[in-house]
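Below, chain A partners chain B and then partners chain C, in two separate complexes.
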Partner chain A sequence: MTTPLLAVDDLHVAFRTRRGPARVVNGLSFELHPGRTLAVVGESGSGKSVSSLALLGLLPGTAQVRGSAIFDGDELIGRSEEELRKVRGAGIGVVFQDPMTSLNPVLTIERQIGEALRAHEKVSDDGIRSRAAELLTEVGIPDASARLRAFPHQLSGGMRQRVMIAIALAGNPKVLIADEATTALDVTVQAQILELIERLQDEHGMGVVWITHDLGVVAGIADHVVVMYAGRCVEEGAVDELFGRPAHPYTRGLLGALPVVDDPRPARERDELVTMPGLPPDPAALPPGCAFHPRCPVRADARCATEPPPLAPVPGSAAAHRAATFYAVGGVSSGE
Partner chain B sequence: MTRYALRRLAQSIAVLLGVSVLAFAIMQLVPGDPIRAALGQQADPATYEALRERAGLDDPVPVQFVTWIGNAAVGDFGVSFRSGETVLSLILERLPATLSLAVAAIIVALLIAIPLGTLSALNPRKPVDWFASLSSQAGLSVPDFWLGIMLILVFAGTLGWLPSSGYVPLTEDPVEWARHLILPAIAAGVSSGAILTRFVRSSVLESLGQDHVRTARAKGMRARDVLTWHVLRNALVPLVTVGGVQLAYLLSGVVVVEYVFAWPGLGQLAFQAVESRDYPVLQGTVLLFAVIFLLVNLVVDLAYARLDPRITYRSAR
Partner chain C sequence: MSDVLVRASGLRVHFGDVRAVDGVDLEVRRGETLGLVGESGCGKSTLGNALLRLVEPSDGTVEFDGLDVTAAGRRELRALRRRTAMIFQDPYASLDPRRTVAESIGEPLAIHGLHKGRTARRARVGELMEVVGLNPDHGGRYPHEFSGGQRQRVGIARALAGEPEFVVCDEPIASLDVSVQAQVVNLLVRLQREFGLTYLFVSHDLAAVRQVADRVAVMYLGRVVELGAGVSVSSAPAHPYTEALVSAVPVPEPTRERTRQRIVLRGDVPSPADPPSGCRFRTRCPKAFEPCPDHDPVLQPTGPEQAAACHLHGVTDL
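Our next item is the complex of A and B:
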């Protein structure tokens, strides 16, 4: 296997709160290879966005980050603000969730793309204009030079997200983090944005990290999937493997909660949508043992409530398919 | 935009008419005879008659009002009972002093408020923030006349760096103009500065938490550029409103500060007019203050559209 572009190892993020530390990310590890797409999946509050912000040093001062993240051969965690600044945009670009609030309402599109260009190299005003217009064309915005003078509120949601992507591309990053990049968009626009990012990935050879709670998106684009729960990876594997043979009860729950749109059976014979009872745990008061055990429908092992299950290969699957559970498909305990 | 400006202008004229009725009423509401009240009982009958005649007090009230407002519309506010000069010339004479003081005071206020408010927003619940909140509390509670006197005692008295009072026109001697301006500008600007500091703090704090600030950082922009273009630039929009109100307040004469520094401004003119029952002058200044407030508000609203492109002005439906 090639050396990974981004290798996150045992990442921990905690926030100081009045009630003590809120442990939002608890030992997350993953690898991203050039040209590949890694999906990080989880419910809101599972720590997926926080981990990506932590890599770039974009968390508020109350955050304490531990662990390691090697990007392109260099450690990111613990680096100075100025060193991280050089990585932001130029090494790792980010597309955020809500393109309305993620763009500055009072600055023109040209200005906002221009800032991303200027952040890493000296460019003349004319250079900025032509480069910004190129970027807009590249992300599929027609009549780019007219759009440059527009303000965000004059564009549609899909257009704004394209602008966000143009901004993320401006520094020619090797890694693109799409943090719920399609969540705020309606379904047809979502599909267009997914396609656009896939095309750009092919053209630029970027590694893409998709952070999402939408398993439909994951199935369509990801090579490798990391399922997060309470700040830990509970299961990871190649997308076919993970969707085909989910090993962790949480993953199985997530997949069970997916509606099957083209189910051929008549309505009354279809399986009911499965919902998972309960809520993700409070990061300031994580349960002992496996963080998922209070909600787990299986809880097959006495250790569930006392020791966190290690991430171990799923028996009978490819080596890259691992799950953190004492219970596994077929009743084989994988924690041994 | 032009239509909006015109509509606002029409509204302003309506408000002015209202204010002018009130200003006109001053003359009517004075118990007894305003001329007698102004001149006192022992006045020379000839002077009395002349003034009465000139003020048109023998005409019916509606006629008086129409005449007065018609004259006021072309800048004729009548003649001072006291000095015999026209009210307009008295006002124009005082205007440069007031403009200098108000503009200097708002600059002092902004020089205090923007750095202090921003620093405290960037370091919430840290010593800088406590210091800012304490000093803005102090700035609000200290009376401006006391501050003025203290400034005079220290900087004009003990240290002898600056003149203690008086006004020198800019056209006469720019250096002396500035030297005379410093202390009254501080005395008048500190309380506005205190109000604006709190405002800047909350506005910057709100701006800091915006998603687009995170985007700007994620682009790899330098912290200083993020602060200037994404935090302060956006926080500035609401500041314009509050700053505008403060400016209008300062323009309509900071009576006490002008008094302490013997500053020949509009506030002093209005104050003297009240003292000496010089009703035409009082009417003129009241009307002028109304005009100032309306104009500043109009400018603020138009500036808004410049600063925030989401705001567009259309004629009302």
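Our next item is the complex of A and C:
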């Protein structure tokens, strides 16, 4: 295997709060390779955004970050703001959920793309304009030179997200982190953006970290999937493996909770959706043992409530398929 | 008793130049769930609101159980308010943060003079909380003390308080987590069967709509462009827009999702203040042909229990 572009190892993030430390990320590890897409999935509050913000050094001062994240040979954790800003522009591009809050409402699109371009190359104003127009064309915005003069509110949601992608691409990043980048968009617009990202990835060979709660999107774009619960990776594996043979009771619950759009039965003949009782835990009061145990329908082992299950290979599966559970899959407990 | 509970005829709702709803004919049958899907801004919420007369139509009529709602006087309107209800997307915004949830749930009882007297009212509120899966002992708590899913249950209990016949659910699961969405979807379905409710289920999530809706209406730029049994609309769409919409819904199965043919529409939805001539979808339609710019298609039958507004099924004009 190639050396990873981005290797996150045992990342921890805790916030100081009035109620004590909120342990939001609890030992997350993953690797991203060039040209590949890693999907990070989980429900809201599972620590997806905080993990990516930690890599980018964008967390507030109340956050304590531990662990390691090697990007292209360099350690990111513990670097100064100044150094990280350079990395962000040139090495790692980011696209967030809500383009309206990440774009400056009073600046034209040209100014905003221009700033991103200036951050890592010396270019003349004319150079900037033509490069910005090129980027807009590249992300599929028609009539680019006219759009450069527009303000964010004059664009549709889908176009604003394309502008965000153009800004993220300004420094020719090796890694693109997309945090719920299509969540606020209609499915038809989402389809446009997914197509765009796939094309850009083919052309530039970027590694993509796709953060989402939408398992349908994951199924279509991911090579490798990390399922997060309470700040931990509870299961990971190649996309076919993970969807085909989910090992962790939480992953199974998530997949089972989804209605199937092309189930041929009419609504009245369908079974109820499978539900998991309860809610994800409060990061300031994590349960002992397996963080999922209060909701787990299996609770396979006496240790569930006392001992955190290690992330271990799923017996009988490909090596990269691992799960953190004492639940016996295929007759052998994967936590052994 | 007619099997149609709600009927919109030639319904228009314009906000200045914006033609949010622009000529809708639609029936909601007694006891059914009618799903309503379409892109943001196509007029779903406005249509739902107009059916409950929460906005004034600019043209056309709405009938509820045979009564012309658009011409109803104060008295009739009050009766309508009791027989109908709304469940909103954002349970946080739709509940008064300074009131206990028991007060919020009990408010419609007071307004409609139901279960008079404190003890009777308290008992009814407790009953409603139990029906939606909340602990009745938590009635004294405030909205912020509940999770999003629990707040949505409070919103549902409040909607049910007046024992409505028709409930508009406007994106009731959009702000909830996946595992909680399933809980709320199951609850809504159970309540409908138990109380014989009629639902308009507005959602941009076609998979969720298929789980609950008997029939599905698809909206585009203020119009219903396709209407039919849930199975037909999603497995054999008759309108090119529905086809694109269905194909854009990701399915959580990697092999299928990677190989599935997605129809990616070009461009943006035109402004509802200035819809295209002829067929409104023609600027983005991959199948547009010669009559489309000049003729405005009428919703016409394309099969049993299915209708579409598209010239591919025979050229028509409004």
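Structure notes:
To be clear about the criterion, the second predicted complex is superposed on the first by the 326 of 336 C-alpha atoms of A that agree within 3 Å, B and C clash if a C-alpha of one lies under 4 Å from a C-alpha of the other, contacts with A are read in each partner's own complex, and residues count from 1 in each chain.
Please note the rule applied: a contact is a pair of C-beta atoms (placed from the backbone, for glycine too) under 8 Å apart; a residue touches a chain by one contact, two chains touch by 3 or more.
Nothing here was measured: the structure is a model prediction, and the numbers come from that model.
With chain A as the common reference, the superposed partners chain B and chain C fit together side by side. When both complexes are overlaid on chain A, the residue A:219 reaches chain C alone and has no touch with chain B.
In the superposition on chain A, contact is made by A:186 with chain C only, not with chain B. By the touch criterion stated above, A:55 is placed in contact with neither chain B nor chain C. When the two complexes are overlaid on their common chain A, residue A:141 makes contact with neither chain B nor chain C. Once chain A of one complex is fitted onto chain A of the other, the partner contacts of A:128 are absent, as it touches neither chain B nor chain C.
Of the two partner chains, chain C is the only one that A:254 touches; chain B does not reach it. Of the two partners chain B and chain C, more chain A residues are in touch with C.
Of the two partner chains, chain B is the only one touched by A:115; chain C is not.
In the superposition on chain A, A:8 contacts neither chain B nor chain C.
Shared-chain residue A:304: touches no atom of chain B or chain C. Between chain B and chain C, the smallest C-alpha to C-alpha distance in the superposed model amounts to 9 Å. Residues of chain A that lie in the contact sets of both chain B and chain C are absent, per the superposition on chain A. Here chain A touches chain B in the complex through residues 53, 56, 58, 81, 85-90, 93-94, 96, 98, 101-107, 115-116, 119-120, 151, 153, 164, 167-168, 170-171, going by the rule given at the top.
Across the complex, chain C is touched by residues 43-44, 142, 156-159, 186-192, 195, 213-220, 222, 239-240, 243-244, 253-255, 257-268, 270, 272-276, 279-280 of chain A.
Within the complex formed with chain A, the chain C residues making contact are 33, 39-40, 147, 149, 177-183, 185-186, 189-190, 204, 206-208, 210-214, 229-231, 234-235, 244-258, 262-265, 267-269. Residues of chain B touching chain A in their complex: 210-212, 214-223, 225, 229-230, 233-234, 237, 307-310.
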